[in-house]
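Take a look at the structure set out below.
Chain nomenclature is as follows: A, B, C and D, assigned in order of appearance, with residue numbering initiated at 1 for each chain independently.
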Amino acid sequence: MTEALPAHPPTFSPGCPEYVQRVHDSFREQAFMRTLGASVAEVAPGTVTLVMPYREDLTQQNGFLHAGVTAALADSAAGYAAYTVMAPDSNVLSIEFKHNLLSPAIGARFHARGQVLRAGKQIVVVQATVTAEQPDGREKSVALMQATMMQVRPA
Amino acid sequence: MTEALPAHPPTFSPGCPEYVQRVHDSFREQAFMRTLGASVAEVAPGTVTLVMPYREDLTQQNGFLHAGVTAALADSAAGYAAYTVMAPDSNVLSIEFKHNLLSPAIGARFHARGQVLRAGKQIVVVQATVTAEQPDGREKSVALMQATMMQVRPA
Amino acid sequence: MTEALPAHPPTFSPGCPEYVQRVHDSFREQAFMRTLGASVAEVAPGTVTLVMPYREDLTQQNGFLHAGVTAALADSAAGYAAYTVMAPDSNVLSIEFKHNLLSPAIGARFHARGQVLRAGKQIVVVQATVTAEQPDGREKSVALMQATMMQVRPA
Amino acid sequence: MTEALPAHPPTFSPGCPEYVQRVHDSFREQAFMRTLGASVAEVAPGTVTLVMPYREDLTQQNGFLHAGVTAALADSAAGYAAYTVMAPDSNVLSIEFKHNLLSPAIGARFHARGQVLRAGKQIVVVQATVTAEQPDGREKSVALMQATMMQVRPA
């Protein structure tokens, strides 16, 4: 599905036993993900996939998803992918991301998948892709992200 | 207001006499900008400013604007800034952007200002900042974007 | 070797039959690659790998390769990867790149591998990784790039 | 000179009284800056300017400076700009940067100027420009960087 991501990414251990629940709990508090109609499709150590149906009120002037919407999905997928490898008492913070638009973001549903590539003590580097479900069922890559996340520990 | 942008940016000529109207017309067709409650505050050759009030349904887990929201505002401000210098028969397309989160995006209202730095025949490079109105009236920079836009001409 | 790159990337057709020779010919004209001691290790449709031995005069203050060196290698690998899918009369131009430093760039030799992810008529999006040969022979990822290349055609 | 940078950037206090000397001392240990023939032209709180003459052995296939060279200069200027506001016992580390090529990097000499935009306890965000001296004495912007630096403290 996410052809831009490595098929054999580095293997990561969860940052705590409750890593799946932690992602769901935090995601539920992201009001903007509700506004977009996004939900969590998969959580595993080092990777999180979100899914979101197409909606006209999320588009730019040509009827494609606005780049801010694909960026929001990719950023949340990337951030929660990073969160799965973080310590139990930590929070995750987006420092920055870079987002390439590959193709018009048009399709019935969209998947955003984040994959951790490097997990340091403070800095976690993540790639994410956004794919669009085509009428024939295939997933087409529509956007690509390279993001830097931070593990914030209590002072 | 937008301290991250150059005070003496290069001067640009409008791409066509109707450049202001063109921005307003295209912006009205960005359904996602309506969804966010954003509007056009200023249009000048090489620069566009958008404004958006804070809303709770646009936030992440800590009550700050989601990074996808500041990215959406900055991308639209950057894209329309580029559009002001483009030829009458052209369309503007976001190729990519890079977005740094500087401070928690909290405040009564947010301004996103795009400023063209280099306008080539096809590629237009734009910086954008997002600022948040503080209780004392000051504008605080909360996010920074460096973006690459493309001028698409009819074949 | 380059675990950050997709194992099943999209398949690309060469832009012209002489695509391998074209990469070697252009690379030879990059004086800076000679200055770095880099050479072409592999050329295939959509991907190019460069190799460069460690040298002390390429380091920053801690004895690691300077980020500008890993960026130069990754940019050339990405640019030539894009070049393999471009038309015979075209030239390749770097529009922009984003470079994450993952680990200290230390090792006997470095490989930079570019992989095209999306080839449009004008814009080609490429990922690149830089890996360092470890004493045990393993390749460790030290840097990651997401780059935008342009196909420039004669006017 | 560096029109892409803010004319009224935020004001920063030096991170320690010896901030100028610290930049010079660390710069001298960057072997790659010597290899490029670069030197420090100016150090002030929150900003550092480097200068480098043109040399043919630093070029790509068209005789312009290789993008890795402008990226190296911009990264060092950005990193040392960040270093000026860091604590005495800290080291500076490049996390990532994004580099746009604006114009062919051709000219007698090049200036790279880094300007801190946001200095957090750990993360420092910096913009940098690279300009080329034109035959008429003007400085032309040839490249633009948005970079994320980290303040590394002893454990």
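Going forward, a residue touches a chain if its C-beta (ideal position, glycine included) is under 8 Å from a C-beta of that chain, and two chains touch if they have at least 3 such contacts.
As the structure is a prediction and not an experimental result, all values here were calculated from the model.
Student: Considering only chains that satisfy the touch condition with chain B, which of them also satisfy it with chain D?
Tutor: A, C
Student: If more than half of the interface residue numbers appear on both sides, call it same; otherwise different. Which is it for chain B and chain C?
Tutor: Both copies touch with mostly the same residues.
Student: Centre to centre, using CA atoms, which chain is the farthest one from chain D?
Tutor: Of all chains, A has its centre farthest from that of chain D.
Student: How much rotation, in degrees rounded to the nearest 5, is required to superimpose chain A onto chain B on the basis of Cα coordinates?
Tutor: To bring chain A onto chain B, one rotates by 180 degrees.
Student: Roughly how far is chain C from chain D, centre to centre by C-alpha average, rounded to an integer in Å?
Tutor: It comes to 23 Å between the two C-alpha centres.
Student: Based only on mean CA positions, could you tell me how far chain A sits from chain D in angstrom?
Tutor: So the centroids are 32 Å from each other.
Student: Do you know which chain B residues sit against two or more other chains?
Tutor: In chain B, the residues touching two or more other chains are 95-96, 98, 100, 125, 148.
Student: For a test of understanding, state which residues of chain A touch chain D in their complex under the given definition.
Tutor: Residue list for chain A touching chain D: 95-96, 98, 122-123, 125, 148, 150.
Student: Considering only the defined contacts, which chain D positions touch chain B in the complex?
Tutor: Those residues of chain D that touch chain B are 3-10, 98, 100, 102-103, 117-118, 125, 127, 141, 144, 146, 148.
Student: So in the complex, the part of chain B that touches chain A is made up of which residues?
Tutor: So the residues of chain B touching chain A come out as 26-27, 29-35, 56-61, 65-69, 71-73, 75-76, 93-101.
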